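As structure tokens, here come the structures.
You will see two complexes here that share subunit A, one where it goes with subunit B and one where it goes with subunit C.
Let's look at the complex of A and B:
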């Protein structure tokens, strides 16, 4: 049964969003906001590289706000490179549906699934020459907190520059199931790209603090 | 079997380290003091709230004082819930802590739930105080925090802070200023600064019983603060304590022989919680032997270093390949309870140990 265009988009968005969320351990809305636009990146690729695939065309996709500005693309490379397998690229190349139907491969065909045994949230406490000390908190609360010295060689070049006291990262260990069905053991350490403090936030905090101090009678 | 203390009994209960420690004191006649907070790893509830509820203590009326000796994460987990539940208790924190800079810092980080638990706890505390129109009390050296004059046959009780010294408060204010986030700097978790200059040491006098609760105060080469400042002070309350909460998890840098000589009876009841951070584990074997040389009545709420809980093989393989070392941060959780009759002299402490709590003499290190 064919789904209406908008339903297809919605379904696709939901699936893609859940895939990214499942795999990336991103819990806070601040970072999620950044990731959601990236979900459309591969759709953008479909349109640009296969402009004749659908009758909707690139303009329609832009109207639907599926095209993200180029500037944002680099932020989300990590997602595509880490979690979205290149096999999907091949599938789309080989099985281009006829116009005007937009073809979306079944979820199990196009995704890389990650089944984690453990997901830690880590905070950097100290940095040494070849490693950093961190506190690891099991995100499922199944095991007690741990403190580990993680080797810097385990961190990607892109993430090395993010290591600082207080920097937050996620460490997932589990199985990665590729679209072809093959499974590989996987350990992913990914540092959060946290935004900077904005002057408005600090002013807001200052106002709240003044209000609190007055209310507490210690202003 | 958990039963409440009798009216004329003093109780000291020490919990930890669910990550941190918590001390509960019954000063007789249903008056309770809570010092710091930790979470019971099984129930995920603040130990103080859980224990007092279990023994039938009404939290809103019987808890008189809640003291946060310092704002390190391992001493304030769950304190927000304690402050909101014990709605009539006075909240005490170190002088110099609630500066405009620190409260702004709390408000900035508090608006980002999930980033830093310790800071969020303090934000909950401030909100609870604000909604219940309570003004916090500041603790500083030689300052009385709470007093019961002893009407109706109740024994008099006085709770006094022995630290922080004025100089430590000054140092702390400088330290806290540095924590304040600057515009355009990356948001990160807060890692509490070291050293901890403003830990609140508490002296409790109830009837003829004296207690010295050492918090995490360490020695300083500068005698204007740290343990030397307390020992040398001629303003501190008189008396020698029969119970000592050993400071800073028994570490050598928090041990001053003069404290044992001048402020404690011989062979006092001494109790502590363990601590571990990375490859640092307290107390060390040397610490335990040093404390045992001072008293035969030493207790700890859990063994200082425990083996990691093993995870699935695949996890262990990756962990082994990616780390130089890994340790379990939280040791087993335990509860050490001491009770004494206010009227009996000499004071006879009845010791009860729950879960992983043990005496130093029977500890296998």
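Let's look at the complex of A and C:
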């Protein structure tokens, strides 16, 4: 005879408890010393039933069929990984007992977000009194290269000193969404900032160029 | 299809001196604007850890073994890469051998039905229904080992977005290792990898996301 679903699950639960209890009676003498039966059972039971243990703050997703709470990432994986967890708050919670640094719980800070319609990489070609001529390359490759004149007044004061022939800048046009949700059209121009070439880098480049010339039989 | 929220972060594993990573140092080396350094939101500067934000475009976190620069502003992806390249061009003798070019994208899904459909596509529930009451996908992560080019792998993780409901978060981890990362004496090789691969890495992540969502 088939059991009703709820009875089946009750039976599963009983079986789990029974397994946990059975495991506490392991014959290995070393293991026996380590395991306190009641604690071991509690721990097993907690993992099975307590949503807070496995949810890491995503309890709300339990109601959804797509996704239920996330599991723990192994510590070893974290150490050698270059992965960044978006839900950092959850990881930090886990690290609190081990870390000498006192971590304050992170809240997602609502900042103004910029979404771009189009992004160009620009190169300065000519500089005039109140504007500069540049070539623009669409970063998504959707449109051909263009030339444009941009007013110097569009550039932030601290970037004005970076304007030079050949200087690279990034231009994004899009909209900004502020924390309250309202959107405004926006344009961001930012000049590339890279450290100046050092003499050792220049001499290394010189050596490489000489090697290439020798390899090509030109020198 | 554009992500509703997207960000990139660059992680470098090596040996760092966190205390030198502070806004004033970056401004002095002209990697950020002076005004940005003055207005920086510093969380902590310490021998073991340094964390600060520059405007709304950069968050930097450096510990003794990990450098992590991130932005959630699409307009600043290139700027962030330049920032990292510039930093390690100045600190070229920093021993570092592992690099991660990571993306994080959040997509709003029209309705819950579609949302579940994507979950079901990635992990069909049928095999689980006899084992669980209401099986649900928590997270799925796939890895592809890089065969040509630098040693490493690409990992793609899909999970529900905690920022957008109903939404899906897709994270990619493009992981690179130079030969013998533990014995690395500098980081120039790693920076060459970053310079050569960051763009394809980000655009590839976008293509992966499109394939998953549609």
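Rule of thumb we're sticking to: the second predicted complex is superposed on the first by the 110 of 219 C-alpha atoms of A that agree within 3 Å, B and C clash if a C-alpha of one lies under 4 Å from a C-alpha of the other, contacts with A are read in each partner's own complex, and residues count from 1 in each chain.
By our rule, contacts are C-beta pairs under 8 Å (C-beta built on N, C-alpha and C of every residue); 3 or more make two chains touch, one makes a residue touch a chain.
These figures come from a predicted structure and were not determined experimentally.
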item: First, second, both or neither for A:112, with subunit B first and subunit C second; value: second
item: Which of subunit B and subunit C A:181 touches, first, second, both or neither; value: neither
item: Partner chain(s) touched by A:170 [first = subunit B, second = subunit C, both, neither]; value: second
item: Subunit A residues touched - subunit C or subunit B, whichever exceeds; value: B
item: First (subunit B), second (subunit C), both or neither touched by A:154; value: first
item: Partner chain in contact with A:217 - subunit B first, subunit C second, else both or neither; value: first
item: Touching partner for A:195 - first (subunit B), second (subunit C), both, neither; value: both
item: Overlap of the subunit B and subunit C footprints on subunit A, listed as residue numbers; value: 174, 194-195, 201
item: Sites on subunit A touched by subunit B in the complex; value: 27-28, 30, 117-118, 123-126, 130-131, 133, 135, 141, 143-151, 154, 164-168, 173-175, 185, 187, 189, 194-199, 201-202, 204-206, 208-210, 212-213, 215-218
item: Residue ranges of subunit C in contact with subunit A within the complex; value: 2, 4-5, 9, 11-13, 29-35, 44, 48-49, 56, 68, 70, 72-76, 78-79, 82-83, 85-86, 89-90, 98-100, 102, 104, 112, 115-116, 118-120, 125, 133-139, 155, 157, 159-160, 162-163, 166, 169, 171, 173, 175
item: Residue ranges of subunit B in contact with subunit A within the complex; value: 19, 41, 44, 98, 100, 103-108, 111-112, 114-115, 126, 129-130, 133-136, 181-191, 276-279, 308-309, 311-312, 314-315, 317-319, 321-330
item: Of subunit A, residues touching subunit C in the complex; value: 5, 9, 58, 61-62, 64-71, 80-84, 86-87, 101, 108, 111-116, 119, 121, 139, 156, 158-159, 170, 172, 174, 188, 190, 192-195, 201
